[in-house]
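Okay, so chain A shows up in both of these, paired with chain B first and chain C after.
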Partner chain A sequence: MYEVRFHGRGGQGAVMAAQALASAAHIEGNYGVAFPFFGAERRGAPVLAFTRVDKDRIYTKTQIYEPDYVVILDDRLIELVNVAQGLKEIAVAVVNSQKKPEELDLGIPIKTGVVDATSVALEVLGAPITNSSILGAFAKTTGEVKIESIEGGIRDIFGHRIGEELGEKNAKAARAAYEKTEVGTCRGERKMEVKKQWLPTYKELPLGAATRPMQTDAGLVGPGSFIDNKTGSWRTFKPVYDKDKCNMCRFCWFYCPEGCIYDKKEEMVFDFDYCKGCGICANECPKEAIEMVRD
Partner chain B sequence: MVEKRVVTGNYAAAYGALLSRVDLIAAYPITPQTFVVEHASEFVNNGMLDAEFMRVESEHSAMSACVSATAAGARTFTATASQGLALMHEVLFIAGSAHLPIVMPVINRTVAGPIGIWAEHNDTMPQRDTGWLQCYIESNQEVLDMIIQAYKICEDKRVLLPMMVNLDAFILSHTVEPVEFPDIEDVDKFLPKYKPEHARLWPEDPMIIGSFSPPEYIQEIRYQTDESMNNSRKVIEEVNSDFAKAFRRDYYGMIEEYQTDDADAILITLGTVTSTARPIVDEYRDAGKKVGLVKLRFFRPYPTELIRKIAEKTKAIGVYDRAVSFGSGGPSWIDARSALYGYNIPVINFLAGLGGRDVMASDVRLMFDRTLEAAKEGKAKKDVVWIGTRGVEP
Partner chain C sequence: MKDLPDEELFTAGHTACPGCGCPIMVRAAMKIFGPNTVCYFPANCLLVFGATYPQDAFKVPYLHVLFENSAVCASGIKRGLKKLGKGDVNVVAFAGDGGTADIGIQALSGAAERNEDIIYICYDNEAYMNTGIQRSGSTPHGAWTTTTPVGKKIAGKELYKKDVPRIMIAHDVPYVATASIGHPADMLRKLEKARDLKGFRYLQIFAPCPTGWRFDTAKTVQLAKMAVDCGLWTLYEAEDGKVTINKKPKMTPVKDYVKLQGRFRHMTDEQIDSLQEWANKKWERDSAMVIE
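Here is the complex of A and B:
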């Protein structure tokens, strides 16, 4: 049996990648299971998905804590989350990055396959959606599954979800990434911090979890805890504001779901600590004074 | 042609409705059930399923629509979870007392408060007295197969009751695993069209359903429901055998036993924890520890006689619950203890995975260890054991 953890951002399709890998395993006569991290998914936020593969039926329905493989759909996540959590020395990483394996530091020196999946996706699909390309790199790096099966798995899962034509295109992207994958060893110098969680006993937990602002060893909880939780890190695109085009209609201020745009009378000001880059402001702006650009 | 694909539990549930050729679907989306409704609406929209898809404004309306349409003679389908099931509560009784064979997958999810979206059985367990059969599921294949079987069981003249097919939130609903899809023609042979007799709102054959009933009648109506529920045990076994013959998949009816014959300690589980426990039974057996597993497939009706037979061949029983009746214990354990009144063996309750906390292999090992210990001692150290609760000794 082998277990895989996918690191992506909400909306990048990490779950579909995990499912397509399960389907690829199924094509080879193995038993494949895939599931998302059981959480509320949010676009742009770091998310996890998992695949378990064995030659026989898998009964275990627990989550995965010590994966054999870790797949990273976006190398900037390495700065945000502990991608090395639970990894053993024999684990293998597959990363979407423009860097070489030796230039990456995953906090543990392990065999690492790298492909610039974003460029492959832009070339083949015309969009920076890397969930299919990364699977090509997985096949090349790990040898656990044939690229033909990956193509089949993508046709199945993507095809059923977004149509046959796009399924075929995504299979092509996987093949292209497979050809371009470079395998080496990453560095392991980075100190990976295990994010502390507030885990009170039932006696320490306020009755019914009615919580006042409270400092814990895992940071602030209760009202105002957003001060610690800077959701701007979820952003992939950033609004760029052109004051000259703005007519101060304040539509952006009105529509911003995060309350991240301030009306400063002469101009609108954006709070990048919390702006998640959803792009609603740019979409609503009647003067095209806001443009979304890659952050 | 029989097709095998990796799909989610939610897809399997919706596809089960398609293969059962339901006439009407009325459902309101709620996490983690939403995909059941989405897939079902796609099937109708794409012409794969010839059914009325009714968009309703709440779960209360969804169940009301299913009650009315089933009373009119249709085969109906809906799905819900958590708060949605709670909102349906009063209408569930009507389906049960009017003997309307509605089939509904429930994606077991924590009922607030506080609000949570993960697996807990505190949505379906409180519905045990509404006159609905309740079946708990272990795999996505079983989801698909049980939707089909459920219609056959519920529409049987000896039963004529509705059924909840319960699957754990995310652990099945959002997890893909291989599922074999039977041919719809074979399903047609197994599950013929619903022929309503006792309740059908046909203008040429007028009847009143659910009319005002004074005490002179209600007690008999309650007895009817109780009798149907008791009758359903035999029908469940029959339908399971027929299904196994037709589709080569046997679920063993009310309960499934695994390595129970010479077991010193037996654990009764329901839902997906059963699946996690299977390899652990193998592990213990390899180490020479005689443990066994009983998968409680049906909670309503309760398999009273079968559980008594289990007690006759073992020294201690553990019962796993994913819900708690505050101040008492887990609902499945309460029923096991009631069934085993007069049997002089320890029956321990294990509570774990509440609010969707992962039930890990180590948790299941603790359940087996504790039950083995009770088998050896002849008594339990503790009746109700909370596993993995911070600040509480298990």
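Here is the complex of A and C:
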């Protein structure tokens, strides 16, 4: 039996990747189950999905806590989430990154396969959706499933959900990523910290009282405390601003859903700590002073 | 728009999907209402991305109780504040279209009948997006959702969009208005007007949802503008029942609006025609509300 944990972002298709892997295992005559982590996920927020594969019927229904393989669909998640949680020395990681395996630090030195799945996906699919490409890298790095079965699994799951033509394209993306995967060993110097929870006593938080903004062990809490939550790592594209074309109409400032474009009287300033790269500013700018480029 | 304050009462760092139309509306609304405001949210996206214990994006007090009682709770907050001598505080309920058109309509109707002194804002993204795209009364004809799937015989929603603003006008409340994030000047003027009036004020603001409607995140505002142009969403306001149309639609073909969205991808020409027919009828109906 082997267990796989997928770290992705809402909208990248971690759940579909987990299903396609289970389907690929099924093609090879194994049993496979895939399931997501349930929570209040938004598009762009960190999410989890799991696959469990065995030669025999699977009776274990729990979430996976000590995976044999960990698949990371976006290398910026390493900064946000403890991706090494429950990993053993013999575990293997598959990461979507532009870096080399030796440059990555997962907190534990393990065998790591790396592919720039975002570029592959943009090339083959025309969208930064990396779930199919990362499965090609999974096949190459772990050798648990053949790439032909992965292609079959993708055709099955993706073809059913989004149409046969797109299923075929995604299978192609998996093959392209399979060819480009580099395997090495990552570093393990980082100390992974588990985020603390804020659990106030009744004295700190009396019944019926509103909280003030407070700095706690778990970070800032209370009104306006989301300012602590840097959403900038969600983006794939970023706006580039041309000051000379700008006429200070403030449309971008008004339309920015994050409120992270500031009016500094002579120019607009973009705060990349919060920008999610949606592209509304570039689309709505009447002077075309904003352009979206790959971050 | 030039005079809006720079200070954000709805801070950055909230966890809405990229390209969400709702925070655009909420940021603007909070700038208009100012810090002297108390908010109420039923279960909706805004609550989940803007106010998750112990962190939240609002710098003003807010309350969350249940899905169906937004108008009841807001009324209670206002009456409580009046008793405490704080009658000048704006009480605003931000509800989604599901919490307004379907689940919350009895509480809404009751509060409108009693003419409670609150502002009720419905941000209309045409489905229950928070729980994973289920159809609501506000979902337009032909749209795919998880509960109106595309099958061989029936593709998408068969019924048409429920017209909640007209239901509210029928309650004879002081102010009812429809707005869109694609027309900021109009929206800001209506928010200001709502703030300055007394009694029950209802606003329905059109806010596209890139996740549920399946379109490119950059096109949120563009689609909001197109919906007004093609007549699927009319901008009007009613003061004490007197209706004024704020923008006459250009009546561009509905097809241009439909083809940009994945939720309408399956639509046949017949279905698009019937949606077009509905848009034409809607404009006839809305323009007939104006009494010369």
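In this text, the second predicted complex is superposed on the first by the 254 of 295 C-alpha atoms of A that agree within 3 Å, B and C clash if a C-alpha of one lies under 4 Å from a C-alpha of the other, contacts with A are read in each partner's own complex, and residues count from 1 in each chain.
Here is the rule we go by: contacts are C-beta pairs under 8 Å (C-beta built on N, C-alpha and C of every residue); 3 or more make two chains touch, one makes a residue touch a chain.
Fair warning: this is a prediction, and the values are worked out from it, not measured in the lab.
Participant: Can you tell me whether chain B or chain C touches more residues on chain A?
Facilitator: Of chain B and chain C, C contacts more residues of chain A.
Participant: Kindly classify A:Y31 by the partners it touches after superposition: chain B alone (first), chain C alone (second), both, or neither?
Facilitator: The answer is first: A:Y31 touches chain B but not chain C.
Participant: Identify the partner contact of A:N283: answer first if only chain B is touched, second if only chain C is, both if each is, neither if none is.
Facilitator: second
Participant: With the two structures laid over each other on chain A, which partner does A:R42 touch: chain B (first), chain C (second), both, or neither?
Facilitator: second
Participant: Please identify the positions on chain A that touch both chain B and chain C, taking each partner from its own complex.
Facilitator: After superposing on chain A, chain A residues 40 contact both chain B and chain C.
Participant: Where on chain C is chain A touching in the complex?
Facilitator: 1-2, 4, 6, 8, 10-24, 27-28, 48-50, 52, 54-61, 181, 184, 210-211, 216-222
Participant: Using the touch definition from the top, list the residues of chain A that touch chain C in their complex.
Facilitator: Contact set of chain A toward chain C: 10-11, 40, 42-45, 198, 210-211, 218-231, 234-235, 250-251, 254-260, 262-263, 271, 273-274, 276-280, 282-284, 292.
Participant: Could you please specify the touching residues of chain B with respect to chain A in the complex?
Facilitator: Going by the criterion above, the answer is residues 4-6, 113-114, 117-118, 168-171, 174-178, 272-273, 275-276, 278-279, 356, 358-361, 389-392.
Participant: Provide the residue numbers of chain A that touch chain B in the complex, in ascending order.
Facilitator: Per the touch definition, chain A meets chain B at residues 19, 22-23, 26, 31-36, 38, 40, 58-63, 156-157, 199-204, 208-209.
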